[in-house]
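What follows is subunit A paired twice: with subunit B in the first complex and subunit C in the second.
Coming up: the complex of A and B.
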C-alpha cells in the first residue's frame, strides 16, 4: 500500500514523527478501533482517531443526542439534537476524514452481542457512562483477549487504565463488582466540565494510537488519575488480583454477563 | 507511625486497620472504595483485620462512571 499525495499531506504531522513514520501511518490506516459510547469520552476519542487516519472506527450507542449533551459531547452539533448519536457521530467523522470507514450499532451493547461486536477490532475504547456497561466491556475484552482502554470521569476528576491481554490487572481486579443499582447516591445528578471528558477521552485515543503503532509504553498496571482543580496527574501502580473473578487464577466468569442497570440510567430501549 | 496516603505522608496511631484508616481519612463511601497497600490490592473482606505498618504506601481507588451521575 502506498500513500496518495493527499494522504501524505493530511498525515504529514504523524509521518514526520520518527516513532510513527510511514510504517506507523500504515498501521493506523489498517487499524480498527471500537468505541462503545458516543458521548463525552467517545466524542473526542472518535474525532482524534478519525483525524489520525485510523481506518475503521466502530461506534456503538443506543441514545439520541440531547441538548444537555452538547456541553461536552463535541462530536454532535445543535442540529443533531434528536438524532441517534451513532449517526450524528458518523457524519462528523466522515466530514472530518472521508477515508475512515465507520461502522455503527444503534442499540445497547449486551452480553448477547458484545463478543461478536468486539471480534473484528484491534482495540476497544470504553466511553460508557454506567457500571454495568463498564464491567461488561471489561469481561468481554478479558475473555476475548482484546486490548481496551477504561476511563471514568466525575466532576473535576478522571481516571483511566489500559488492559492488554496478559499484561497487568483488568478493571475487575481494581473493582471486583459494580455498585448495586439501588445504591442511593447512584442516581443523583452530577456535573462535569466538558473539557474533562476532552482530556480523558483524548488520552484514550492516545492509548489506542500507541497500541496500533506499537510505540511507547501502554498504561497497563497503572491507574492514571487526574484532578483538574489541583492540576495533578498521578499514576497509581496496581498489580493483578489473583482472586479476580475474570482474569485471576480460578476465573468464575467465563462468559460476559449483564448487570442490572440503575433505573435512572434506563433512558434507552434496545434497538 | 507514618503512612503515605495518595502520595502524602502523614502520622497515624499504631495498630490501625484499613477500616479505621478509611474512617480517619473520612472516605465517604468505604463500601465502594478499593484500597491498595504497597501496590497490592486488598480484598474488601479483610479491611477489618488487615493492619497497616509504618511506611506503607496506601492508595484509594474510586468508582468513576461517565460523569453525569453521583456515585460517592
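Coming up: the complex of A and C.
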C-alpha cells in the first residue's frame, strides 16, 4: 500500500520517528486492537490508538453513558448520556479519524464469547473495572496466545503489565485468584481521579503501539505502579509462576471461566 | 555541469510543494521504496528544508552525497539509502 498525501500529513509525527517510520506506520494501519471496556482506561487508549492510525479498533462494553462517567471517560460527551458506550465511543473515534474501522460489541464479554471476540485481533487492552473481567481476559489471552495489556486504577493509584505469549508472567501468576467480592472497593465506591485513567490508559495505548510496530521493550515481567500523590512510578520485577493455573506447567484452567460479578458492579448507575 | 563521480539517481522526488514536516516524511517514504545503497535525487526549497532535511537523513543512517544550488531558490539533494 502507499500513503495518500493526507495520510502523510496526518501521521507525519509518527513517520518522522526513526523507530516508527514508513514501515511502522504501515503496521499501525494494518493493526487490530480490541479494547474491552469503553470507560476510564478504554477512552484514552481508544483515542490515542485511533489518532495514531491503528486500522481496526474493537470496542466491547455493555453499559450506557452515565453522567458520573464523564469526569474521566473523555471519549463520551454530555450529549451522549444514556447512549450505549460503544456507540458513543465509535462516533468520537470516527470524528477523530475516519480511516479507522470500529467494530462494536454492545454486551457483556463472557467465557462464552471471549475466545471468538479476541480471535481476530493482534492486541487486547483490558480497560475493565472489575476482577472477574480481568481474570477472564487474562485466561482467554493466555489460552488464545494473545498479547494484552492489563491495567487497574483506584483513587490516586494505577498499575499495568503487558502479557506477551511466551514472555514473562500472566496476570494470574501475580494474582492467583480474584479477591473476595467487596474486599476491594470498586471505583464507584472508592473514587478515582480522571487524569489517573488518562495516565494509565495512555500507557496501555503506548504498549499496543510498541507491540504493533515491533519496537522498544514491552512491559512484560514488570508491574508498573503509579502513585499520583507522591508522583512515583515503580517498576516491580515479577516472575512467571510455574504453578500458575493458566500459564504454568500443568494448567488447570484450559478454557475461560466466569467469576461471579458483584451485583452492584453490573448496574450502570449507583443504587 | 554533472559531476562524473556521482551516481545516476534511481529515483527522483520533488518536495518544493510541501512544508515541514511533510518534506522529510516524503523523502522517507521515497527512500523506503528503494533498496539499500540506491540513490534518490530530491528537489527542495532553500531555507528550512535545506537546513533540516539533509541533517535528518544523516541521523537516520542515510548518506548525503551532494547538495547543489539550482540558483532558482531550490536545491538538489543526492542521497544514498542506508541499510535497514
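In this section, the second predicted complex is superposed on the first by the 260 of 271 C-alpha atoms of A that agree within 3 Å, B and C clash if a C-alpha of one lies under 4 Å from a C-alpha of the other, contacts with A are read in each partner's own complex, and residues count from 1 in each chain.
Convention: a residue touches a chain if its C-beta (ideal position, glycine included) is under 8 Å from a C-beta of that chain, and two chains touch if they have at least 3 such contacts.
Computed from a predicted model, the values in this text were never measured in an experiment.
Superposition model on subunit A: subunit B and subunit C are shown accommodated side by side without a clash.
Within the superposed three-chain model, A:70 lies out of touch with both subunit B and subunit C [touch as defined at top]. In the superposition on chain A, contact is made by A:22 with subunit C only, not with subunit B. By the touch criterion defined above, A:83 reaches neither subunit B nor subunit C.
Judged by the touch definition given at the top, the superposed model places A:51 against neither subunit B nor subunit C. With both structures placed on the common chain, the touch criterion links A:115 to neither subunit B nor subunit C. With the two structures overlaid on their shared chain A, subunit B and subunit C come no closer than 37 Å at the level of C-alpha atoms.
Applying the stated touch rule to the two superposed structures, the subunit B and subunit C interfaces on subunit A have no residue in common. Per the touch definition, subunit A reaches subunit C in the complex via residues 2-3, 5, 8-9, 12-13, 15-16, 18, 21-23.
The residues of subunit B lying in touch with subunit A in their complex are 6-7, 29, 32, 34, 36, 39-41, 43-44, 59, 61-72. Subunit C contributes residues 21-22, 24-26, 28-29, 32, 56, 59-60 to its touches with subunit A in the complex.
Across the complex, subunit A meets subunit B through its residues 37, 39-41, 72, 127-131, 134, 151-155, 157-159, 169, 173-176, 179, 183, 185-192, 196-197, 223, 234, 236-239, 241, 243, 262, 264-265.
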